[in-house]
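If you scroll down you'll find the structure; I have some questions about it.
First chain written, first letter: the chains are A, B, C and D, and each begins at residue 1.
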Amino acid sequence: MYPSLNSNKMFFYFILFLSTLISISSNSWLGCWVGLEINLLSFIPLISNTNNMMSSEASLKYFLTQSIASINFLFFILLKLMWMKNFMLNNSISILINSSLLMKMGSTPFHFWFPNIIEGLSWFNSFILMSWQKIAPMILLSYYFYSKFIIIIIIMNSIIGAIGGLNQSSLRKIMAFSSINNLSWMLASLLISENLWIFYFMMYSFLIMILCLLFNSMNLFYINQLFFFNMNYGIKFLFLINFLSLGGLPPFLGFYSKWIIINFLIFNNFPMVCFFLIMMSLIILFFYIRIIYSSFLFNNLNLKWISIKLKNKQLFFYTLSSLISIFGIIFSTFFFM
Amino acid sequence: MGQLMGSYEARNVNLDMNDNPTFDPHVGFNSQRKPREMKANLEDLVSAKIPRSRRDYCAHYLLDYQVCRYKHMPLVYKCAHERHDYLNCEHADYVLRMKEFERERRLRVREQRVAGAA
Amino acid sequence: MATVPILGLKTHSQKVCSLYKRALRNLESYYDRRNVFRYQAVLLRARFDQNAKECDLRKATELLKAGEEELFQIQHPIPKKFAQSPGGVAFERVVTPPDWVLDYWHPLEKAQYPEYFKKREERKKEFIAMWEKEYGQSDKKNSH
Amino acid sequence: MWMSSICFIWGVFFFFLSLFMFYWVIYLMMNNIVYFLEWEVISFNSVKIEMGVLFDWMSMLFMMFVFLISSVVILYSKSYMSSELNLNRFIMLVIMFVLSMALLIISPNMISILLGWDGLGLVSYCLVIYYQNIKSFNAGMLTALSNRIGDVLILMSISWMMNYGSWNFYFYLEFMKNDFEMLVIGGLIMAAAMTKSAQIPFSSWLPAAMAAPTPVSALVHSSTLVTAGVYLLIRFNYLFIDSYIINILLLLSGLTMFMAGISANYEFDLKKIIALSTLSQLGLMMSILSMGMGDLAFFHLLTHAMFKALLFMCAGLIIHMFNDIQDIRYMGGISLYLPLTSLCFNIANMALCGIPFLAGFYSKDLILEVVMMSNLNLFVFFLYFISTGLTVFYSFRLSMYLMVGDYNLMSVYNLYEEDYVMLKSMFILLVMSVVSGGMLVWMIFPYPYMIYLSLNMKLMVVYVSLLGGLMGYLVSVMKIYSLNKFIITYKLSSFLGVMWFLPNLSTYGLNYIFLSLGGKMFKNLDMGWIELYSVRGISLILKKNSIFYNFFHMNNFKIYLFSFIMWMVMFLFMLII
């Protein structure tokens, strides 16, 4: 789970984080582009693992898609600079710039690379891809977007995320589709304000972190591994209940962020968007529950030769974060008493 | 029921049990009638927590009764005299009210008769 | 087995007797003084005796039907019942557990009363032997 | 030893608790004060959830009576239930019952009232099915479900009362009287009280609940459980003054009183007769309550509790002696064999009839005279007086059946009355049912009623009582040549004898409709349309779409990149054009 203490990799992680900061703090489109480009180039060496063919395929795919998106981004910001003198707003060009950014963050209808690539990554890299790599494109998107286009994208994201994940047996793909679905919530929060986006993004990253760390530490990649997932029932319960939190079931923390977004969406007169988001998150919850069920209720084998032991240090960390994820919303009400 | 029978005669002059007197109080009297006076004052009634429906012209007897009750609490039968006084007063009040009711009825009948004769 | 009689099939005289008994019980509910009841019972008996010699079965059936009808029409809404008999207030108030419950006792529980259970096992064997003597060996096909 | 001492311990405990309550009554009355303790559990969005207790003379007096009756009933059970194996369980149930009654009495808050109310319903169910035969199960189910209606109505009134931000109804009764919501709450409370006090649409459970052991009947179904509804309405009485919904209650309770009085004359089960007379007295309480005289209703409630508990305990002793037989047609002549029991029974019966200077006289006579003094329509007036006559009627009939004549059960018999455990506890109530009326009439009326009637009106009660007593004598004397009126008026008699077919209404009548409706709903909706179009349908659609969607993932990476470029080019052309 923990990134290896390889000095090269440390360096690339450093550049990865720095490049995002360059991108989002730059005050010209060109600077943004530079940041994105550095980000791309620093993530590729992190993906590649010499022992694993899948990861090199993934790094290649990642390079291709991201570079094409970057090319388009560069082309259209230059075009915009030439034609519009940086001040005018034009719907078509905003759609073009948005499209390239959406491709970078892996949103529908340009998301096809996303589940494919994530299939070849380790859980930690998936976590980076699902959370950190989304920051730069989304912040850039928030500078300049065409809201009607984005609304269509939001609805498509929520539907594709829900429908796509329904038939998957790979946990990474399920997480990828759930990330696509959550992207729709994030885009919806971008429509309203950046603070809301930060709130949702933090919550989402936290929840996804717990799950990714968990799967990584137990080497879980497919649903059928959960069938003989042999460990203490209480601990299992504590971990897997995080899925419900991620899906946004009310007493858990994941509901909190969704709740606030629903609230703002209704205040800002987006009832239809809100409706789609809620309905599709129901489907998401459905397949989360299916994952959990397989581990809890039926088909659950207790094989003697597969036993999962967690280190005490890890266990403490996981338990603490799971507790926050489960009881966070209840604890937070004490602040308002 | 008693009330029903008592007020049965008054129906044809459209007089109800709860109606107020409508005629001049001095009609048909030689002597001047004095309006009745309330002996108990409001502060005493309020402080004794007498409910509003009991604050009538006999309330001063009721106050006496209450005082006696609190004095002899478990053995309230010692206040039989006070209770009797109060009930007597209420009785007189009731008779008076019934008389007024009858007077009202007769005056209305008379009014009709006079109107019929004219 | 073919020898079991068809239940509910009664002769005419059985039906009349049953009607008479039910009518008496009904009268008992109405007339709670014994002497009054006796008087009414005699009257009832007289009504039954009147047609006792009726040989025409068609007529007799009609009379029976009329009697049933009359009894139904004046059925007492609160019939007089003994408390412990079926329909009474205390019927089945004291629960007597059936005998076979003892067979399901735990061996440890059974061990507390060794003599009784020893005797019980013997009696069971006797009973089975008696049964088999009377009705023959039970069919292997029917057993589980 | 332990089995019998539990009765003694709890009986004595409740007796001293009762004395303690009496001290409190005197204290609170003397100083004219009310203690209101309240603990705010949580305040949430301007709604306060509180636990409150209200100690005023009314609640304390009622508690005193409840504790006194429960103490004597528990002492009595020592002998009555002596052959019971699970006596502990029985006593614990009775104690739980008394405690939930106490909770109901002292709570000024709808939620804690609901707790007490539900506790009463649940424990009374457990007590009714205490004898585990089919009859008891049926009766228990009828009792529990009838009371459940009341629980639901109280829950509904709780949700309506949330409008006011707290459930302390005590504050809102006068203050919010003209509010529409308060009217609705009042209607719900009224209906709930009608279920608990077995008023007319719901009255079939009270005679059915006589399947309980007799001490339970003495405690639960005569003086405490069924008076909970009356007590609740006494608390809500301010709300109902001058409001029109209470007229419904006046009519229904008057009819209950009348119906129960008639049905008691046709009944032959000893306990059911007493239950029906309870029902009749409950109707009396409810009707005087609905005319706005809550204090009179409370007075009758207390005196009635005393002599009715005594009556039940005597009946229990008789049933005990007769080896569980309850049918009065088997009984007779017990005044010769059970003189002390007959003494208690007759005094309780006479107190019930309102024979002067016994407990019932003070309350019933006062109620009837106040009725005569008030402005009332003829129908309700006749209901009152016919029912008063009927009370004497069935009491005399019962006494005649039990006391006079021959023993009807068997020819060789020996009844003995050596059970002084039962008799001692009965004597406590005997004293109370003689003196409690005279004691309370002085104590609890700070504002006496003035009665002023003509001679015939004043004697009206005596007339109807004499007539009723005469008729009670006549129906219970049976000679050889006397006509059987029951058979002559068979249809009318069966209608009147089974409580106007009310049991059929509450067992087969309503269930049938809803069960068949539910069956149809289940067949057509749950197993039909909903299954096809929502449950199966949605999952099928989702599955199909998901499979279709997976098809897109089979494409070539080149095509994907190419399509992205095409998309961009398309918009670029749009930009240029």
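Please note the rule applied: a contact is a pair of C-beta atoms (placed from the backbone, for glycine too) under 8 Å apart; a residue touches a chain by one contact, two chains touch by 3 or more.
Every value quoted in this text rests on a predicted model; they were computed, and no experiment measured them.
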Please flag the chain sitting at the greatest distance from chain C, going by CA centroids. A
Which chain is the middle one, judged by CA centres? D
Chain A-chain D separation of Cα centroids, rounded to whole Å: 62
Taking each chain's centre as the mean position of its Cα atoms, how many Å separate chain C from chain D? 39
Inter-centroid spacing, chain B versus chain A (mean Cα positions, whole Å): 86
Chain C residues counted as touching two or more neighbouring chains: none
Chain B: which residues touch two or more other chains? none
Connecting every touching chain pair, does the picture come out as line, ring, star, complete or other? star
Touch relationships between chains, expressed as pairs: A-D, B-D, C-D
Within the complex, which stretch of chain D touches chain C? 131-136, 211, 266-269, 323-327, 329-330, 405-406, 408, 478-480, 482, 484, 486-487, 490, 494, 497-498
Residue numbers of chain C touching chain D in their complex, please. 29-36, 39, 73-74, 76-78, 80-84, 89-93, 95
In their shared complex, chain D is touched by residues of chain A numbered 61, 64-65, 68-69, 72, 76, 79, 90, 92-93, 95-96, 99-100, 103, 110, 112-113, 115-116, 160, 163-164, 166-167, 283
What part of chain B is in contact with chain D in the complex they form? 1-4, 7, 17, 49-51, 54, 62, 65-66, 69-70, 73-74, 76-77, 83, 86-87, 90-91, 94-95
Residues on chain D engaged by chain A in the complex (per definition of touch): 542-543, 545-547, 549-550, 552-553, 555, 557, 560-561, 564-565, 567-568, 571-572, 574-575
